[in-house]
């Protein structure tokens, strides 16, 4: 049954590709009109760079050979063989490359409205050509974490945690947007310019996420498994939308649309690692917690005075960590988990391994991204000038307006 | 001639239009603006408080003959008032007027 | 060939899921800027509630056991078995759950710009957890209408008719929006705020509808059948776009974009019941008639002074009824219809059964939804205050603007 | 393995169908607010007409029988048999019909903001019912170019070249929009009204293009081949985005978002013909060149004073021609090309055939479209009145505004 | 000093800009507004009649020295007229002007 | 009473709001407008040059008592100036004012 495996992987890869549009729309919708084009440009080019970088370097590092730390063969995909029996390596590459793209583009939203385009270009090449593949290798490419039975099915940590932590490092180094905190340190809202864009983006992401999670089976030999994943990928975000909305309602007096939408994404990230090895009850719980974590995480960043425009760290980082740890709690060997989870009497072993994996992956990410951003800062500068920030990156960096003909305020 | 500038609530525009046409004043110009209010409004966006101090208002501009000023004020006031507030009217002097199509000047151009 | 069946059902379920985005965009585009976020929030949460409600109660009622009236086993999906050989029940559940979501969200557009968010929450849980599953049980879950050979292949009545009639009851009970009819009862236009959103929504719906109709084969054992359905699902809406546009051109002097787009949806709804059992000539006719029905239906509601913001009843209700009856006329046993249609010499038998089924399903829907809406009205109130309606539900119910930075009129 | 072939063709057809939304959004985003609805209406109706016209006439002409010039049987799909073993003809029809739709809608963008709606209706029926099928017959329907081993795998020439050349003829005959060139012939920019719409459109197109190229295998018997196509369909546009952006940066001082997005489309068009028969290195080169060609092509039209609003000719025409010729250079018989390409020592033979095919197809297209447009001009007039152009086609032709409630300038 | 307020058709703005710059008046301000017209327009949206009474206009504001008033009126009138209509000009008095950058006042600040 | 009309850069609005409230002037109206600048800006869109001559500005309208005019000018000037420019202020006379809610007239209605 090779044909159906390839067909499945390709279709899922197409779906994951489409998530790029989802990220672009969410990010564009949550910035101000004057920066919408810039964030879309970053989104387009980071996928472009992900495809190129993952073709030239990334695949080789991630899957080229199975040393514990990094792969070292298969540059430019030369001479690579498919790790999946009966599935062409091109199909496998594509499925992996769109993951690298997702990981890279998560950062765009966090650093939006102030990061230089040229700096972003360099960053995005580096993350998908080098950083992501290293972590990917450890977990999925036969590296040391794979050997330890660390389980991150579709990438709560590898893709989302990595993207989320990079987003945090970037947002922190870049400092908040002008006006985002008052002089005495109080957070001020800078509302996004288009809720319909955010909403369509979230739906596209959810749609694509079915490919992300259910395609990570890398084949269709076990329909039972794929169906369970699809079910969990529905329940967790559905519940998370509800829990994020409810928390926002209770805390802030009104149900907040953009938090409910962030909640959906948090639920999706949370279920990404455990989707294959937990039952639907656990998926509901993971969704519930993820939605709550997103809202509190956003609050927490405000208190830390980190300006993460779209909530990339709470969504991808916090829920990514949570989801990965959840494997150690809710994972069941009966469903295919490598180690029995806490809830099923496996003790703290699985949880320990999961925690170790998270720390290793995200520790490495944090340190290497810190170095990368600092280096870029030294070369190009990370941040646009104050004047560019005020006038908007669309005009200053691209010489255009995203909404020509509309009467718009460029200040609040 | 006087130029009457009124700041009203956007939702009262239909009522003002009606009362003006009741007073036989058919020509005016409106534009959406932002205006202050006695109290700021607290909103939250993504959990962050946002103090809104400028609110959507409609600015109405209406040039009338001197003799119509009180009628106009009266008509606008009638239409503009609702349970939440009323708005403000200012009266400026107009020195001359031109109707481009005919080249007419002064009162005949209004 | 079980794997391919599951694969097909899952992919089609993903497509139907994506229709949620389509509904959201159509509804958002047809309301005013001041209510766009509210309708999107309703759209997100009704899917969330559909997934949860259908997981806890809905599936059990619809497919839990085959009593004539309601299923009574399988709450929380406990102990359920797949009704399809070789297809995991999770895949079957997902395909059914996204249908429940579609049914629920149809109402959001009809009652937009004035229904309270809290009331909507309650409504949407009830419809997908209870009302929809009951009707679904009758027709698809082994209930009494299934026994009578009532044929509604993909849900012209079960999904769309039910949604459309609920929309009508809701819109009627809620009364028109302020300013929608003049004091002397003349209808006044309240134009939607974004035609591009409506258009992308309609295309997403059409795209997803391929999954809706062609996935209702619940497998891929008969490629011939699936292909015929896909063909009919192309021809009917294509023709309906044209007929709706032409009628609007003739009646109102200019071809109306939003009616042409409504026409597409009407054509899709119309072909939903008969798609499997009619030939392409019949599909063309059904499309033609559906497009016309939509335009006249919208007119008719105006005359009744019912304010259905997006045309949910004409599209889903009227065309849903028409499509279901069309099975009795154009359905052919050679193509798999349970009874020969009028056109093929089957007499009025099939048509009679179809009419009975429509009356039963939609009668039940109308009565139960009337009770539900009345009860919600008594508890929470259905309608927002006059001031909220004037200022917009985005600000009043969610404390935010959907289009920050744009200069906007909140009145006409 | 027939079921999987049909499944693949149908899913790819759905994806290609969805490209219609992509075209609509790109076109809408690149025009001014006052014409957005009109271009969307054209987009909806041209698909409607493509489906109808291709059902009645088009399929018969293209695949009805294999005379060298035109097919002559199978009107209304009567009595047609599937050319693919084990795949129902309805599935094959659908896959072909959505291609016809793509070809037709390419023109909408080029002639936007000034072409009469009624004239567009007539044009769009003719191109998909007659012109496209004739060219399609020559290349894919067993016509004379097929006999000569002309290779255009998924339609760089048949679909995109044809659409692009029709766009050029249309834009040229219609003359530029008022204000597009100064009195002394200098081009002036008329910025599009919504970059987010353009971006989402391009992502939808790329997503759908996976179906376009990878579905043109017309089955899934060779997973290797499908995977290679998917890989090439990723690399070429990714590189083209980068090259178009870079060229715009170097020439105009700033990286231009809309050109980068056009670059993506150019890369997709360029790889469409050769996607099956070139390796990934060649795909990268083809992408690189396509991105550059798009930018220079747009420049060149400006110098010719042809007003192609969305860059349809540079994207679809120029890159279509380039991609088709690239088969003669980079095509390898080892990968399935009918003739060895220049690079593989095949000499100029393949290139010659490709050039001949391009000239024949696009020469025929240019002449017949010239006649069609001239005839329509004589009957209805092609262009709206000056006043309609100033006020916008939305108001004048459809009596509505696309963005009600927004404060908008209808002039610059 | 006088403030000249002109309501013109949006599509005439380029022509008015040109004729103003021909008259060497380079500084002005424009804003889109909605204005009345002698006749309402009938449109239909989804089959429902919609009486449109406010139309897109451009409001031009231009402060000039007293001696330039007639030139400005003439220039605007020339650019604003098209086959459909012309528009309206009103002239108000300005008491003082400030150029913030230099702090200059009066005629020198225009 | 005088009406102070100021054209400022949009990004200075927060600063102007602050300096006005420092001067105890809490009521005003703003609207986004397009204004000329000494130099046109060159942009390119899809490789075509675009000469931008109208720039986003904010128009501030503020009616004050005669005695407050200089304070208001001073406050606006302070807030409006940035490295790129300052803006312009014009002062018109206001004949009368009406506070619709109370019907008050004149200085008491400001």
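For reference, chains read A, B, C, D, E and F in written order, and residue numbers begin at 1 within each chain.
The rule is simple: a residue touches a chain if its C-beta (ideal position, glycine included) is under 8 Å from a C-beta of that chain, and two chains touch if they have at least 3 such contacts.
The structure presented is a predicted model; accordingly, all values stated were derived computationally and were not measured.
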{"item": "Chain labels contacting chain B and also chain E", "value": "C, F"}
{"item": "D-E or D-F, whichever has more C-beta pairs in contact", "value": "D-F"}
{"item": "Rounded Å distance between chain A and chain F, as computed from the means of their C-alpha atoms", "value": "44"}
{"item": "Centre distance in Å when chain B and chain D are each reduced to the mean of their C-alpha atoms", "value": "51"}
{"item": "Length of the line joining the C-alpha centres of chain A and chain B, rounded to whole Å", "value": "50"}
{"item": "Contacts with 2+ other chains: residues of chain A", "value": "4, 7, 11, 191, 194, 200, 252-254, 256, 258, 399-400, 403, 406-410, 412"}
{"item": "Residues of chain F whose C-beta touches two or more other chains", "value": "31-32, 43-45, 92-93"}
{"item": "Listing of all chain pairs that touch each other, if any do", "value": "A-B, A-C, A-D, A-F, B-C, B-E, B-F, C-D, C-E, D-E, D-F, E-F"}
{"item": "In the complex with chain B, residue positions of chain F that touch it", "value": "1, 3, 17, 26-31, 61, 63, 92-103, 109"}
{"item": "Parts of chain D lying in touch with chain C, wherever the complex brings them together", "value": "2-4, 6-7, 10-11, 13-14, 17-18, 20-21, 24-25, 28-29, 36-37, 40-41, 43-45, 47-52, 55, 76-77, 86-91, 93-94, 97, 117, 194, 197, 200, 394, 397-407"}
{"item": "Residues of chain A touching chain C in the complex", "value": "1, 4, 7-8, 11, 15, 32-34, 191-196, 199-200, 202-204, 206-207, 210-211, 214, 220-221, 223-224, 226-228, 230-231, 234-235, 237-239, 241-242, 245, 252-258, 260-261, 264, 280-281, 284, 403, 406-410, 412"}
{"item": "Chain C residues within the chain B interface of the complex", "value": "179, 387, 390-391, 395, 399-400, 407-412"}
{"item": "Interface residues, chain D side, partner chain F - complex", "value": "186-189, 191, 248, 251-254, 256, 258-259, 262, 295, 298-299, 302, 311"}
